[in-house]
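Here the chain labels run A, B and C in written order, and each chain numbers its own residues starting at 1.
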Amino acid sequence: MLFTDDLKAIIESLLFVSNKPLTVKEVSEIINLSQEETEKLLEDLYLEYQKNHRGFTLAKLAYGYLFITKKEHAPFIEKLYKPKLSNLSTAALETLAIIAYKQPITRSEIELLRGVKVDKIIYTLIDRNLIEEVGRREGPGRPILYGTTRDFLQYFGLNDISQLPHPEKYALEEA
Amino acid sequence: MDTTKYQIQLENFQGPLDLLLHLIEKNEVDIYDIPIAQITDQYLDYINEAKNFDLDVASEFLVMAATLLAIKAKMLLPKPPKVDNEDLEEDPREELVARLIEYRQYKQVAYYLREKEQEMSTVFVRDIDESKIIKDFEPVNPVSNVSLQDLWKHFKAILDRASELVPVYELEKEEIAITQCMAWILDGLNNQPQGLSFKGLFTGRTTRIRLIMTFLALLELIKQNKIRCRQNKIFGDIQIYLAEDCEI
Amino acid sequence: MLFTDDLKAIIESLLFVSNKPLTVKEVSEIINLSQEETEKLLEDLYLEYQKNHRGFTLAKLAYGYLFITKKEHAPFIEKLYKPKLSNLSTAALETLAIIAYKQPITRSEIELLRGVKVDKIIYTLIDRNLIEEVGRREGPGRPILYGTTRDFLQYFGLNDISQLPHPEKYALEEA
């Protein structure tokens, strides 16, 4: 039987060799512990890292846990590292916003909402693994339905799609 | 008309809805009570001022122009006499207003996403060298569930794909390639408004699939009226032009 | 002026993102501190990690400092990576098949046959020890030639590559 500290160290080692968020389920299967107990350990670690003054922290992203660096260290890391992928265009962000709220949604439904064609943008977003095909709408032509991916959540620092602000929140605000 | 007012390029807008929202904000008018005549005039001024813009973009803006003009016309018509059991008169602007409000919401969400993106661009994950990690493991047979026959089947599948004409089962996948080829041809024409040579399009494209896709892209562009072709003599080279640059 | 703890956190963040050992000199240039002081901080960190019961530790290698996982955690990390290692994607299998039958072959020749980029897949296959560089094609750019490895032969129970199944053989067998 392993002690809590041993288990925590094992979990830490798993998080350390991952650059994608690990879910409670994935970790629990590897360490052979119930999901509840695993979640408790992950939460413990999460809180420890929140308190500690270290060079990286544990983030809850895309339904999982991932070690990331802190914002304030970016200027130093950028000296070591090349800048990351280019930012998304406004058109891509508007398209993503619609897909995030209306998923699953077809291309032509997005085009209706944005008032412009989005075929090229859709390919870019698929290419960057931010959206994916999630099925087909029944009916003529059986058009492809799109939804957001876990990478989408990670890219925008979200743990859960429900963390997005409700669009109705903006409805009342006068521009 | 004072053209300096319209220095802003159409390309700066994310589409006709975006331009309309800009005009509504600029005029500081109530989105629920848009002065349609005034906004329509300004909208049309923008369109008229826009030069050499993308045909795709243009059609989207023109559709909205038509919608605006239709609403304006309806608002000018004398109102029908009130019917007793129908208290609410339908406002011709209603549908457009609903679209604008919904679009504005997503625009706000897009701003939110932009902020989150900026925030996340300052955090880094570990740059993991997988090969270093796995080198100490017990060697895993990466092809344990693959037989020699599987290997041959995969190879044959590729040979078939590369040598056949567009196979039926590949069409869907290749849809991407057609749009890419279309974009590629249009880009070429935008850079070279004097036209492209038909032969030139097919030199240097090495795979059969690409040749076919380029040809299909040409047919599609002709069908969509975006390009025109001209052949000056029999068996001579065919010149391809953007439809707007071509006078026949 | 930054405090020692801040500097340590910055150094930790640099070590965290790096997959290569960082030298005292590299770190000192990034944090703009003398090499002696930087070395002291790195040594402090090294000792802290030696004492701590964590999932990873700081190693001193010939040319610098590098975060590594501990030996005793290897079985768990292996469990995390195994599913990734034992399943080749269809794209990877196709690429492997092309290389097996057409070797020696360059990357761009493979891309011509598959119609898509294969750079990442090539790295995966090299990582999995299925293919390797076997030379250079004479001519412009002298591109790398790839071929299958001895492991590849072993996995498929072949003595040499000429034993790969060929169409004629299948035609006869099926007849």
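By our rule, contacts are C-beta pairs under 8 Å (C-beta built on N, C-alpha and C of every residue); 3 or more make two chains touch, one makes a residue touch a chain.
Not measured: the values here are computed from a predicted model.
Here the chain at the heart of the structure, going by C-alpha means, is A.
Farthest chain from chain C (centres taken as the mean of C-alpha atoms): B. Distance between chain centres (mean CA atoms), chain B to chain C: 38 Å. Between the Cα centres of chain A and chain B there is a gap of 26 Å. Computed from the mean C-alpha positions, the centre of chain A lies at a distance of 25 Å from the centre of chain C. Among the residues of chain C, those in touch with two or more other chains are 13, 16-18, 69, 77, 81. Along chain B, residues 124-128, 133 each make contact with two or more other chains. If you check the complex, the residues on chain A that touch chain B are 16-19, 59, 66-71, 74, 77, 81, 84, 87-88, 90-91, 93-94, 96-98, 100-101, 113-117, 119-120, 123, 155-158, 164-165, 167-168, 170-171, 173, 175. Those residues of chain A that touch chain C in the complex are listed here as 5, 8-18, 22, 26, 30-31, 53-56, 67, 69-70, 73, 76-77, 79-81.
Against chain A, in their complex, chain B makes its touches with residues 14-18, 21, 24-25, 31, 56-57, 60, 64, 99, 101-110, 112-114, 116-128, 133, 176, 179, 183.
Those residues of chain B whose C-beta lies close enough to touch chain C in the complex are 124-134, 136-146, 148-152, 154-159, 161-162, 206-207, 209-210.
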